[in-house]
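Each in structure tokens, the structures are laid out below.
Next come two complexes built around chain A: one with chain B, the other with chain C.
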Partner chain A sequence: MGNVITLMEESVLSTHKAEMDTLLTSKGDSQRTQYPYVTGTSVIGIKYKDGILMAADMGGSYGSTIRYKSVERIKQVGKHSLIGASGEISDFQEILKYLDELILHDNMWDDGNSLGPKEVHNYLTRVMYNRRNKFDPLWNSLVIGGVKNGHKYLGSVSMIGVNFEDDHIATGFGNHLARPILREEWREDLSFEEGVKILEKCMRNLLYRDRSAVNKIQIAKITEEGLTVSQPYSLKTFWNFAAFQNPTVGAEGSW
Partner chain B sequence: MSSIGTGYDLSVTTFSPDGRVFQIEYAAKAVDNSGTVVGIKCKDGIVIGVEKLIASKMMLPGSNRRIHSVHRHSGMGVAGLAADGRQIVARAKSEAHNYESTYGEPIPIKELAERVASYVHLCTLYWWLRPFGSGVILGGYDRDGPQLYMVEPSGVSYRYFGAAIGKGRQAAKTEIEKLKLSDMTCRQGVIEVAKIIYGVHDEAKDKTFELEMSWVCDESNRQHQKVPEALLEEAKAAAKAALEEMDAD
Partner chain C sequence: MDRDATADVNAPHSMGTTIIGVTYNGGVILGADSRTSTGLYVANRASDKITQLTDNVYICRSGSAADSQIVSDYVRYFLHQHTIQLGQPATVKVAANLVRLLSYNNKNMLQTGIIVGGWDKYEGGKIYGIPLGGTILEQPFAIGGSGSSYLYGFFDQAWKEGMTKDEAEQLVVKAVSLAIARDGASGGVVRTVTINSEGVTRNFYPGDQLPLWHEEVEAHNSLLDILNASSPEPMST
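This part shows the complex of A and B:
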């Protein structure tokens, strides 16, 4: 008899609480830092005249092996936002599942309001920070961008819950290789073509220098009107440097 | 129709000598006294309509929603005690979400109806709980096509082509039976439901009402949503015109 009461109370009171709990607590008894297994590398985002542009390659590395080459690391969130993730791909998939639930519940209110990029960013910051405090982080660096009611928004959250909002954002190696380029060349009123050119320049740089980069990228655009994620394509690279010709001259037998 | 269950009606865990559980029947009366809810299954989807009786002129139109989305592909219209109905909707949402989480596909409507009915029935088994004073009409579109179910406070649930609960259900059912639902699209169904609800509304006894309608059909991309503004206005106009025609006779 007693079990039935608690069953009833639990089901009646704590449906949404249960969902939040699964997101915030680690499943299982002990809490410990995880190790990432399949990881994505940098994501870059910039604000441009009409909205946000985001670029990422489609690689999923298994340690030093480039295991998966068609991983979509930029996804839509509701009507107004894009999320790009680097880090553990399975954790990104979990985050997408929870965001999907968040957006579904938001839509079911049917009240004319919808969650925008700022709200999604705030929600994810709280989630990442709380998981970090339990020593069970979601091993991702996320980039959230979008436009709502004419306001452009671009921010990032790391696996320890550090969040930033800026005109240009990058994760991982992008911070070291892409942001300096963006600091020099970014302007408030970039057109779409100019924005893509700058992003391609950054992605090319990453392709040369980041060992886990893969030459198959997607660029996503989000404006007030809507969102498009480009088909995957490759960047042209140049390897015909003099230093690369006849590499074994002066060191016969080496490779 | 109604009989006094003196002595046997004090608890939901008591049967009367003729095998009835009066508390459940009284719960059903709460549904019978509320505004009509109508649901029909058309060729390409489901239409649900509610006669939302307005208690006070101070209420904002569009508030106190009686039709709720349970998931992307399904929704329910609620009759009876509003707060009880809200619990049923919350439970349905939770069941739908858990199913999708576990099995990776949207919950089949049959399964959802069974779970909701099971939950409503659960609350008729214990003396420390009272039965839900609300019934729901649940409609959805899964891979077996559009389906319509109705769940009563007793926990009984059947699948229907057309269903009605609330004050004007008898008249509504008669009207629904006249329709040729298998040939009708949801666009036409919306007009018909509006006509039915305007038709069963008792101007003398009840005050003004607001018509709330939703659909899940091919046109709405198999998503449950409010009927678009333009179509709703068209339906209201057609319903009012039909009423005037009837009055003119």
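This part shows the complex of A and C:
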């Protein structure tokens, strides 16, 4: 097989050659690695004073085309958790169906207990890792965040089952562009306003530098009291710099 | 060169295609071109890519002709049984989700993008786009097929919420016609299907009656007509 899948490659569409290979090699079910078609880009999550804040844009890319601009990539899971996904949207929709079933069975016990973010994270880790072992991954990077009984939880799972828990999480391009910002500016006791400002700083950076980013984002908040997913909104961008106006003055022909 | 042209005749039938589905105030309009190509050869210049699933739900098919036909056959079969068990017309949402299940669970083998459109008494007119991979997205309008690449900018500018039936129909015909002008894999006639509370109406716009775009010229029966129309001796040295 010889294919090394890195974090960046999960959002790159295959070439025709790769498609021909799977069609022509008739190994049937034993060769099932897929290729992503409609993909979402970065998700960022941070812990703050009262709970978790998560941000993602609403783009669904189809290769290099920005095909869909109203895809909700952050969703509620039960009473205590939020899930954000990057990668193949159809696989995320399937994961949401699995989670629906999980939460339904949890509610049917009617025992007063309800699954919290740590349990949901564990469940998804098992699902993702087992699929990876069958060479039939769900092509997503997931961020799970929530608060239960006063404990804040934020974790991530990748398409190959790598999972960890941290104070701030990012997927895709966010790993490279957002995490350095978060490492510098995150603190334990961030207020809601400060948290939103940091997330917006990261999202704006991604908008400038991630080709598949779309300027329509949602920020979701979850606390012990409940959760909200914001209405979609756009960020202002800044282009009015002297250096941008005449970048090739002094070096005509350069770019 | 000759070798390449004939080899294509046996290539898998694929619908290059332009397909569109739009909602308007009262229902939906589905539109499509009519070209089915095998490689460079046009196998069918008058295909019907808008296929019926039930009385009130139709789909636009793009990509592999075989894959899209078999998916629509299965979904028609399932919907028929579902309608009998339910005792009333199936909803557009159910039809779309059945298409999604087949597309998603067979994503490694299928190569078809589908637009599901219809009208039911609960939600009115609805359009669902189901691209490669099996993602399902409910949208006010959807475009698909190779010709759709040329329509993203057009729809960004021309789409409006709450159009009338006639406005929406004109928009769909204009859009398919523009795509045909630029996409080699789309061509032929423009077919539309309008679905609302009153029922279903099929329309047909022959290729020679579509508007002319940039660098396209009027059609004539013969040069001779042009020569005779202008003056007795148009050619002189």
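The working rule: the second predicted complex is superposed on the first by the 213 of 255 C-alpha atoms of A that agree within 3 Å, B and C clash if a C-alpha of one lies under 4 Å from a C-alpha of the other, contacts with A are read in each partner's own complex, and residues count from 1 in each chain.
The criterion applied here is as follows: a residue touches a chain if its C-beta (ideal position, glycine included) is under 8 Å from a C-beta of that chain, and two chains touch if they have at least 3 such contacts.
Worth saying up front: this structure is predicted, and the values here are computed from it rather than measured.
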item	value
Chain C versus chain B, contacts on chain A by residue	C
Which of chain B and chain C A:Gln93 touches, first, second, both or neither	second
Touching partner for A:Asn107 - first (chain B), second (chain C), both, neither	first
Partner chain in contact with A:Tyr68 - chain B first, chain C second, else both or neither	second
Chain B versus chain C as contact partner of A:Val38, first or second or both or neither	second
Of chain A, residues touching chain B in the complex	4-5, 8, 11-12, 15, 19, 97, 101, 104-105, 107-108, 110
Sites on chain A touched by chain C in the complex	22, 32, 34, 36-38, 60, 62, 65, 67-68, 70-71, 88-90, 93-94
Residue numbers on chain C that touch chain A, as the complex places them	100, 104, 107-108, 131-137, 139, 149, 152
Contacting residues of chain B [partner chain A, same complex]	65, 68-72, 87, 90-91, 93-94, 97, 101, 119, 122, 126, 128-129, 225-226
